[in-house]
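Each of the next two complexes has chain A plus one more chain, namely chain B in the first and chain C in the second.
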Partner chain A sequence: MIEALRKKAEELLKNKTVDVVYGYGEGSVPERTRPVFITKPEDVNKLTWNKYCVYNLTTYLKKQESRKLGKPAIVVKGCDAKTITVLIKESQIKREDIYIIGVTCTGIGDPPATKCKACDVNTPLIYDELIGEKIGNKEFSFEERYAELDEYEKLSEQEKWDFWQKQFEKCIKCYACSSICPLCFCDRCIVDKNQPQWIDPSAHPRGNLSWNVTRAYHLAGRCINCEECQRVCPADIPLNLLNKKLAKETEKNFKYRSGYNVDDELAMATYKEDDNQDFIK
Partner chain B sequence: MAEETKFEPRIVAFLCNWCTYAGADLAGTGRNQYQANVRVIKLPCTGGIDPLFLIKAFERGADGILVSGCHPGDCHYNSGNYHARRRWNVFRPLLEFCGINPERIQFSWVSAAEGGKWVETINGVVDTVRALGPFEGYQKINAVGSDASGEAATSGDTG
Partner chain C sequence: MEKTLKKEKLNSLITGLKDKGYKTIAPKKDNNLITLCEIQEADEIHFDHVQTNNSIKEYFLPKTEKILSYTIEKTKVSIEEPEGFAVKSVVFGSRPCDAASLPIMDKVFNWDCTDKFWIERREAITIVTIACDKCDSYCFCTSVCLAPDAKQGSDVLLTKISDDEYLVETETEKGEGLIKELETVFSEPPSGTPDRQVATVEKKFEIDKVKPWLDENFVHKIWAEFSTKCIGCGACTFVCPTCHCFDIVDECTMSKGDRVKNWDGCQFKMFTLHTSGHNPRSTQDQRWRQRIMHKFKYYVEKFDNILCVGCGRCSRVCPADMNISEMLEIISTDEGQPEPVSKE
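So, the complex of A and B:
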């Protein structure tokens, strides 16, 4: 696979189809990789692929530093590829402005990431070139998709409050979660707005609650469950549970799954006249 | 809990200008009484009520919140309330997941002609939240780091 990947990258750079290839390179130890930005055909040997390729490289599509390098080809796993579908729908990128190198993937991380357990995109849903043998994508039921929420949804109101307060208490407001997120792309985040100050910037439980709720909520109908935010959180807050909860409600109420179909209307940018309102008096 | 009978909930109501605010006004001009626990905040449209407003109300000591606007199909801006309803459909379960009782954030459609429904709705919210008691969990996190009489301890009733 690595050879095919390098060959494709070389060809794309040589033909000037793209100016840069965003991919994975070897890290300082075998269990790590790092993002690399290859601009010269002779450097393609720096590209690698293995189960430690955890990053969702699409986050570099929102960064000025990488965009400056010109038209990218980008190496994506199936989960990462969903991001591109959303970015297109959100008018953040144009399909023709990127070249997608999809890699088939059977799971990353050691132990494997949670998302890989119920992965239904081992073969990416969108790509220009596929690297690796095509894998038949599995199908999971609604219940299976959100099974990890069960034990938390079962808790009593007080237990839920206590659990999350204990989690949010640890937040140091480093904003790594929103910086890494490829779909958190506002030029100026609500946390940076201080006239008025919507979210208390100190690591105080009051602001920690509003920050964590707001971050998750702003990604409702958008988050594609790459789990990057949770991976980078230095406080080990299970952000993924919040994201998943929102994904579940979005699917339940609006039959929408983010990143699966480029023809679907964005769940939170549209409405139906008969949307659920059984909680409204 | 001798204080329980004395507890009067603070309710913040976010109302749209065109329907529910006018409905509440109608109740007033018709001299219909309702419980005085509510502080009304008038906004142009439910579509413009950012869920952060609701969080902010809790941060400032609210025990309960009502968000109310025009019935579906009646929005002054055509679709503001439909968009709002989408957001509530995901925001409400998120708060519930975090341990906030959904009864503390209620939603209604009240038109400009429904003075009676306004009275009934707001009385219902006040009664429900009175029964739930002060929002101690939130008031506790609000007060972290400040002494109980300080600015952050916004619940005068519970201390």
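So, the complex of A and C:
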């Protein structure tokens, strides 16, 4: 698989189909990989593929530093590829401006990440070139898809509140969660605006609650469950639990799952007169 | 002064500290994190780790703190200053690198403006360090003139000499005072040379070669090559025991408010954004360069200290696997001619 990946990258760079390949390279320890940006065909050997390729590299589509390297080919797993669908839908990128190298994936991380348990995109849904043998994508029921919420949903309202108070207390406001998120692409985040100050920048209970809840809400109906926010959180806050809960509510209320089909209308950006508004109380 | 502390006496130590009016801060396990936090019982203390996730910094420079409150009336402004922020405490079981960060930062907090919050806490808190008996590949204290059993910044240094015993060495009068206060907990020093169990931390780069390179290479393509993967969050600066930048904000209504001091970091693009819209550090490579320059050039020139203790936290938490010692290794081995090296 690695050889096929390198060969494809070399071909794309040699033919000048793209200027740069965003891929995975060896990390500082064997249990890590790191994002690499390959611009020369002779450097393709720096590309790798293994179970530690956790990154959702589409986040580099929003960064000026990587974008100025030119037209990218980007290595994506099935989960990451869903981001591209959303970015196209939200007019952040044009399909023709990127080359998608999809890789088939049977789970990443050691132990495998939570998102891999009910993965229905082992083979990416969108790609220009597929690396690895095509795997028939599984189907899961609504309940199976959101099984990780079972324990959480058993909690009472008060218990949920206490749970999040305790979790958010740990937040240090480093904004790794939003910096890593490929769908947090606003050039100026609401948290950066101080006239008026919508969100207290202080890492005190009020500031932490308003930040973390706002971050999650801005991803409602958009988050594709790559779990990158949770992975990078230095305070070990289970951020994806929030994202997942909002995804579940979106699916329940709008029959919409983010990132699956480029022809679907966006849940939060489409006006319909017969919209189900019952959930707004 | 030399003593020994048996592990079985830990309970008496922690109870003793409580009785003498000390708050105890020690490493404690909470899910996937090992956190320096307030503890009540000796059983809560976690020993078997390389490093705590949070640094000692937050007990001297908290992530957020009110520095004053104000009320604006028609003809006057009244100001109320906070009190009681410096609580008599012992940090027990922090690592030598964390302790070493404190005297380094004393220099900046006693510089042009003396920071009473830092200074009063420094007086109120006693540091009891445990020398590292293990390390990981992110540790590089020995590359920045420290060691897994460095004494800088510690009032008391504990070094493991057997599975259930520590050698206790006092480094300051404050440390000596603490040991005397709790005399009965400690035993007499062992006869002969004790077997100090100290980790071997591999030296990764020659620090002497770093600053001369930085002096010459403010403009260099390596800054961008190395930092393309940087996502521009503040995780590295916030977990760092020596990063000390902060921002002051007013949280207020029209008539009253709190002035609050919050951690801030040079990796955020907003950090240097001017009101005019101009940003002197508008790209991530400039911000990454600033992090390295501040730690290994500017602070050295101003305060004669490297602003890094080699704890490795920044590299452990980096969402994109940016590794600071790798950057310094590249710098210290780069001849600068003709093609700058890159590990990218």
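One rule holds for everything that comes next: the second predicted complex is superposed on the first by the 275 of 281 C-alpha atoms of A that agree within 3 Å, B and C clash if a C-alpha of one lies under 4 Å from a C-alpha of the other, contacts with A are read in each partner's own complex, and residues count from 1 in each chain.
Everything that follows uses one rule, which is that a contact is a pair of C-beta atoms (placed from the backbone, for glycine too) under 8 Å apart; a residue touches a chain by one contact, two chains touch by 3 or more.
Small disclaimer: the values here were computed from a predicted structure and weren't measured.
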| request: Would you check which partner chain A:Q230 touches, where first means chain B only, second means chain C only, and both and neither mean what they say? | output: neither
Of the two partner chains, chain B (first) and chain C (second), which one does A:E273 touch, if any: first, second, both, or neither? first
Inset, instruction - Once the structures are superposed on A, label A:V29 by its partner contacts, choosing first (chain B), second (chain C), both or neither. - result: second
### Message
Just checking: does A:T83 make contact with chain B only, chain C only, both, or neither of them? Give me first, second, both or neither.
### Response
neither
Looking at A:A176, would you say it contacts chain B, chain C, both, or neither? Reply first, second, both or neither.
second
Contact-wise, after the overlay, does A:S258 reach chain B, chain C, both or neither (first, second, both, neither)? neither
- prompt: Of the partners chain B and chain C, which touch A:A220 in the superposed model: first, second, both, neither?
  reply: first
* **Partner chain in contact with A:H204 - chain B first, chain C second, else both or neither** => both
Dual-contact residues of chain A (chain B, chain C) 200, 204
Within their complex, chain A touches chain B through residues 152-153, 157-165, 190, 198-200, 204-206, 209-210, 213-214, 216-217, 220-221, 241-242, 245-246, 249-250, 253-254, 267-268, 270-273, 275-277, 279-281
So, in the complex, the side of chain C touching chain A is made of residues 31-33, 53, 63-64, 137-138, 224, 227-235, 237-239, 247, 249, 251, 260, 262-263, 265, 268, 270, 283-285, 315, 317, 319-323, 326, 344
Touching chain A in the complex, chain B uses residues 51-52, 55-56, 59, 72-73, 79, 82-83, 85-102, 106-109, 121, 124, 137, 141-142, 144-145, 152
In the complex, the residues of chain A that touch chain C are 25, 27-29, 32-37, 46, 55, 59-60, 63-66, 69, 170, 172-176, 178-180, 192, 194, 197, 200-204, 207, 228, 231-232, 234-236
